[in-house]
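There are two complexes below, and they share chain A, which is joined by chain B in the first and by chain C in the second.
Now for the complex of A and B:
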C-alpha cells in the first residue's frame, strides 16, 4: 500500500507559511552577503537598496507599476499550473500582446476607450490562442506543453522583433521601435509624476476574479480537481480534456493582457525587446505565490521591490544591477527545488 | 524470521502478528494468502523496505538487525516487484548493470564488457532477449526476465518474487518456471508470493499460508491438495452481518450487462469473456474472483476508462456503453466506490469538504457560489451522520484509510437513486471500518437500492451477496441464485474461483 504523509491542519498551514518566509528571508540574507562582497561602500549600498524604492512617491509609483504586468502574467500561470498544465511561453505571449495592441492602436487612431477595448481584446485573443494551441496539442497528441509553449514563444519573439524592426518601425527615432500610440490610448496616470496608471486596477480585478473563479465557481472547482488528481476528476465525471485547453488559453490571454497594458499604460510603443524577462519574472512571481491568486499581489510587489532596490543601489552606490539577478536566482533556486521535490513525489503525474 | 510483528499506525491493524518464517537453502517456497493477509508486508520486512515493530531476522545464521534494501543486497537477498523497477528508455544491458557497472580504467563505462556480461547471462538461461533491446520495446514477460537478470548479476541466493505470474501469458509462465527450477539447482532459494493454487502445486516444495497477518500453516506441497491450501487461506469462520428478508424480485433490473466482452490484441484470452448479468432493486449482486481474473477490467469498463469490444451495458433502458465507446456511468452520476480509494476515489491534498462535493458540483456551484458556508455545513452534517472523525477543512489525506473510505461511501450514498457500484469496499481496512461499510451496504439493499458488489474478499461475498457470480479468466465460471446462497460454503466455491470447474451457463 502507498503511504500517505499526515499532518494536522495547523501544521499544514504553518509549513506553507514558513516555507515562503524562509525563502524570502534567505534571499534577503544572500543579497546582503552579496553586497558586502561586491561593494566598497556596503552600508550605503544596503541603505539605498532597501530604502531607495520608498524614497519618493515617484519611486513607489514606478515600483508598483512595474509589478502590474508581473501580477497579471502570474495569475495566468497560476490558472495553468492549478489545472496541471505548464505555460512557460510567457516571454513570447507578453511580447505578442504588446505588438498586437500597438498595431490596433496605430490602425485606429483617436478611438479612445473603444479602441482600448478592441486593442486589449485582440491581444488576449492572439496570445490566448497561441497558448491554447499548446494545450490542444497536448490534449490531442500528448505533446509536452512545457516544450511547445517554450518553442512557440521563441518563434514569436523573433517574429515580433522582425515586425518591430521592419514593417512597423518608426524611422524618426534611434530606437528600434514602433511609432507611439496617440494619447487617446494612454491609460490615465494614478500617481503623477510616476508612471503608475489604471492598469493597476485591471491587475487587481484580474487577481480578484481569478480567486473567485478558482474557489467559488464550478468551472474553477473542476479545474482544480483536474490539476490535483486527474484520475479522480475523471472518476467524478469531469471532462478533463476541456481543462487542458481552457486554462492554457486563459493563461496566454492574461500574458497578452499584461503586455498590452504595459504598452497602453507605460511604454506607449513596442520597443524591441522591452518586455524581455517579463514572462519569466511572472512565472517566478507565481511560484513565490504558490499559484494562489491572493498571494500574487504581495509576491509581485516583493519582486518589483527587489528590482527597484537593485536599480536604486546601482544609481546611488557602486553595485551593478546584476545584484538583482543574484537574488532572483536564489529565489528561483529555492523555489524550484521545492517544485522538483513535488514532482519527485509524484504529485504531478505527466 | 522469528515472531515478526508489524502494526501500521494508520489503521492500528496488525499486518503481521507474531509471524515465524523459515526458508531452507535451494528450495522454492510459495507464500500464499488473500489480499491483505500480510504476505507483502512480511517480504518487505525481509527485504528491508519497511521495518518490523518486534521480532528478529537471521540470514544464513547471522542476525540481520537493521535491514535496508542495500543491506539486503549485500546479504544476497533480491526482490522482483510486481511492478517492475526498470528504466524504460535504457537498454537491457544498461538496466541490468545499473549500480554494478564495469568501468574502464578511465572511469568511463566499459560498454563492451558490460554487454558481454549480460549477453553471457542471457545465453546461460536461454532468455529471449538481446542485450541491446530497449526495455520499453519489450513484452511484460521479457521485462520480467530483465528483472531476474538484474538479480543474477548480483549473485543473489534468496530471490523474492511478488506475484510474478499475474501479468504473464501461459507460455511466459512456463518459461519463468523453467528458469526458477534452474536457479534452484544452482542453490538459490526462492520465495514466490502468489495466490494461484495450481502454480503453488506446480512449482514449490513447501507452501506457507498467511491469513489476517498470521502464519496459519506451512505444508510440504506434495502432501496437501489445492483445496487444503484454499481452506487455510480463507479460514473457516465467515463474517456475520444481519440480513433482512429479501424483497420481491420481480422488479425490472437497474443495471444489465448484455454479452459484454473485452479483448486486447496482445493477450491470449479475453479480459472479459461474454459477460451477462442483471442487478435488480433491493439486492446485492456479488462478482467474486481471485485477483487477476477480470474484476479489475470489470471496474475499468464501468468507470468508463476502457471501451468494451462487444456487448452493451444498460442502466434501466439507457445504454451506458456500446462497442468502442467508454461507459458514461460517472457522467450519469451513478454512485461508485472505486477500488483505488486513494488515487481514484479522492484527491488527497484537497479538503474533506471539496472531496465530498466533488460529485455533486452542480448542486453546490450553480454555476457560481460566493459563500462556502453551505458546502461546509453540508460536509459537517455528513461527517456527523456517518460518524467520521474529521473536520471539513482538513485535507482528506490526513485521515486514516478507513476514514477516507467512509467519506467516499458517504458521498456516493448521498447521490444514490436506485443503484450503487462498490469495488473492493473494505480492502485493507480494520475490523470496525469493515463492519461499518458492510452495515451501510446492507442498509442500502434493504432500502431498495440495487448494489453491484465487486470484490475478491470471499468472506465478504458470502456474508453480503444475495446472488453471486464467480469470475475466472475473464469469464463467469459459476452463478449462484438466492436459494443457493444460504447454504453456500467456501469449499463449494473454490473450484470455480480457481477455474477448475465451470458451470453450464443458465441465464438468470
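Now for the complex of A and C:
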C-alpha cells in the first residue's frame, strides 16, 4: 500500500529545493574533479568557469540573453510532456522559426512593431504546424511522435540550410547568412552594452501564462489529466484526441517563437547553423524543471550559467567547452533518479 | 542501369554495416521494453574509442576491443542509473548522448591535442575479405570484415533471442513484465543484459564507422543511432525486418551520395533523402498497422 504523507506546500518546496541543490552541488564537485584531472592550471580554470559569467554587466546580460530562447522552448516542451506527448524536433522548429521571421522582416522593411508581430506570428504558425502535424499523425495513425518530430526536424534543418545558403544568402558577407533585418525590427536592448533585450519580458510572459494555463484553466486541467492517465481522462469525457494535437502545436509554436526572438533580439540575421543545440538544450532545461513552468526560469538561468562558464573557461584557460556537456549529463543522470528524489524528500516510498 | 544499381547496392552494403549493428543492439533493448535513445551516444563512444585504441595499441583487434568495451561501459552506467536508481530511460538516454559527445571531444583534445578530425597516416585499414571473388560476385564478396560480422552477429542475435531460454525471458520482460516476475525471475536483470548487449552492438557499429573511414570526426555518427532506432520500429522488431530496413536506409544514403556527384541538385535536398524515406516508411507502416487492427477488431 502506498503510504500517504502530508507536507505543507512550503515544506515540499524547501525539500525539493534541497534535493535539487544537493544534485547541483554533487555535479559541481564532479566538474571540479574533472578540471583537476584535465587541466594543467586547474585553479585558473575553476575560477574562470565559476566567476567568468559574472565578471561584468556585459557577461551577465549575455548569459541571461542566452537563457531566453531556452526558457521559451522549455515552456513548450513542458506543455507537450505534461500531456503525454513527445517533441524532440526542437532543433528544426527553432531554426525554421528564425528563418521565417527573417524572411518576413526582409520582405516588409520598416514596418516596425506591426512587422514584428506579423513576423512572430508567422514563425509560430510554421513551427507550430510542423509539430502539430506530428501530433495529428500520432492521433490518427498512432505514428510515434518521438520519431516523426526527430525526422521532420532533420529534414527542416537541411531545407533551412539550403534557403540560407542559396535563395536568401547575403553575397556581401563571408558567413553563410541571410541579409540583416533593418533596425526597426531590432528589439530594444535592456542592459547595454550586453545583448539582453525585451525578448526576456516575452519569455517571462510565456512562463507566467503557461503556469496559469496549466493550473488555473479547464483546458490546462484536462491537458494534465490526459498526460497523467489517458484512460481515466477518456472515461471522464475529455476529448483526448484534442490533447494530442493542441499541446504539440503549442510546443512547436513556442520553439518557433524562441527562434524568432533570437533573430529579432540577438542575431538580426539567420546565420547557417546558428541555433544548433538550442532545441536540445531547451528540452534539457524543461527536464531540469521537471516540466513545471515556474521552475523553468531558474533552470534556464542555471543552464545558461554552465554554458557561459564553460565558454569562459575555454577562453581563459586550457579546458575545452565540451566540459559543459559532462556537467549537464551528470545532472541529468542524477536528477531523473526517483531513488535520489526519494532520499531528498525524506520519504520511504515514492 | 543494372551497373549503377549494382554499384549503389555495393556501397549501400558497406554503409549498412554500422547501421545494422546499432539497430540489432536497439532490438535487444526494444524487445526488453526499454526505449533506448542512447544508441547514438553508444555508437559515438565506440567510434572514438576504437580509433584511439588502434592508435595507442597499434593493433586493430585490440583497438576494436577497447572501442566495444568503452561503449559497453557507458551502457552499464546507463543501465545502472536507469534500473537501480529508477530514472526515466528517456532522460538517461539523452544524458548518455550528451556525455558521449562531450567526452569524445575532451579526450580527443587531451590525447591528440585536436578538437577536430583525428586521422593517422599509419592507421591500419580494416581487412577486406573474399577480394578474389569481388569481380564476379560484387554483392557478396570484397567487403571489410565488420560488414560480414554485422550479418553474422544479426544471426547470432536471432539465435540468442528466439532459440535460447535467456532470449525467451528477455522478450518476456518486454511482453509482460509481471508474468516474468511471477516466475521468480528479475526483470531488471534481463533489461540490464539487454542494455549491455545494445552497448556491445552499438559500439561495434561505431567502430565499423570510424575504422572504415580511418579517422574520427566530432559527431561522426550524425544521427545514425537515431536512424537505427527507426529501423528497429520499421523492421517490426524482427531481425529480418531490421536487416531490410537498414538496407533501405543505407541504399537511400548511397543514392544520395551518388546523386551529389551525378546531378546538380543542391546537396541539402539529397542529404534529406534518408530522413524523408524513413519518415514516409514509418508513416505508411503505421497506417497499415492501424488499418489491420481495425479490420481485426471488426472481425472479432
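In this section, the second predicted complex is superposed on the first by the 311 of 350 C-alpha atoms of A that agree within 3 Å, B and C clash if a C-alpha of one lies under 4 Å from a C-alpha of the other, contacts with A are read in each partner's own complex, and residues count from 1 in each chain.
In this section, contacts are C-beta pairs under 8 Å (C-beta built on N, C-alpha and C of every residue); 3 or more make two chains touch, one makes a residue touch a chain.
Predicted, not measured: the structure shown is a model, and the values here were computed from it.
**Q** Based on the superposed arrangement, let me know which partner A:36 touches: chain B (first), chain C (second), both, or neither?
**A** neither
**Q** Output check: A:232 vs chain B and chain C. Expected answer is one of first, second, both, neither. What do you get?
**A** The first partner, chain B, only.
**Q** State whether A:159 touches chain B only (first), chain C only (second), both chains, or neither.
**A** Only chain C; A:159 stays clear of chain B.
**Q** Of the partners chain B and chain C, which touch A:224 in the superposed model: first, second, both, neither?
**A** The answer is first: A:224 touches chain B but not chain C.
**Q** Of the two partners chain B and chain C, which one touches more residues belonging to chain A?
**A** Between chain B and chain C, the winner on chain A residue contacts is C.
**Q** Does chain B (first) or chain C (second) touch A:326, or do both, or does neither?
**A** second
**Q** Kindly classify A:143 by the partners it touches after superposition: chain B alone (first), chain C alone (second), both, or neither?
**A** second
**Q** Looking at the overlay, what does A:315 touch: chain B (first), chain C (second), both, or neither?
**A** In the superposition, A:315 touches no partner, neither chain B nor chain C.
**Q** Please name which positions on chain A make contact with chain B in the complex.
**A** Residues 1-9, 12, 212, 215-219, 221-222, 224-225, 228-229, 231-237, 347 of chain A touch chain B in their complex.
**Q** Can you tell me which positions in chain B touch chain A when the two form their complex?
**A** Against chain A, chain B makes touches at 8, 10, 303-305, 330-331, 333, 336, 338, 340, 342-350, 354, 358-359, 361-362, 365-370, 372, 391, 393-395, 397-398, 401, 428.
**Q** Which stretch or stretches of chain A touch chain C in the complex?
**A** 38, 86, 137, 141-144, 146-148, 150-152, 154-155, 158-159, 161-162, 165-166, 280, 283-284, 287, 320, 322-326, 328-330, 332-333, 335-340, 350
**Q** Over in the complex, which chain C residues touch chain A? Could you list them?
**A** Answer in residue numbers: 35, 37, 77, 81, 84-88, 90-92, 94-96, 98-99, 101-103, 105-106, 109-110, 115, 223, 226, 229-230, 233, 266, 268-269, 271-272, 275-276, 278-279, 282-283, 286-287, 289-290.
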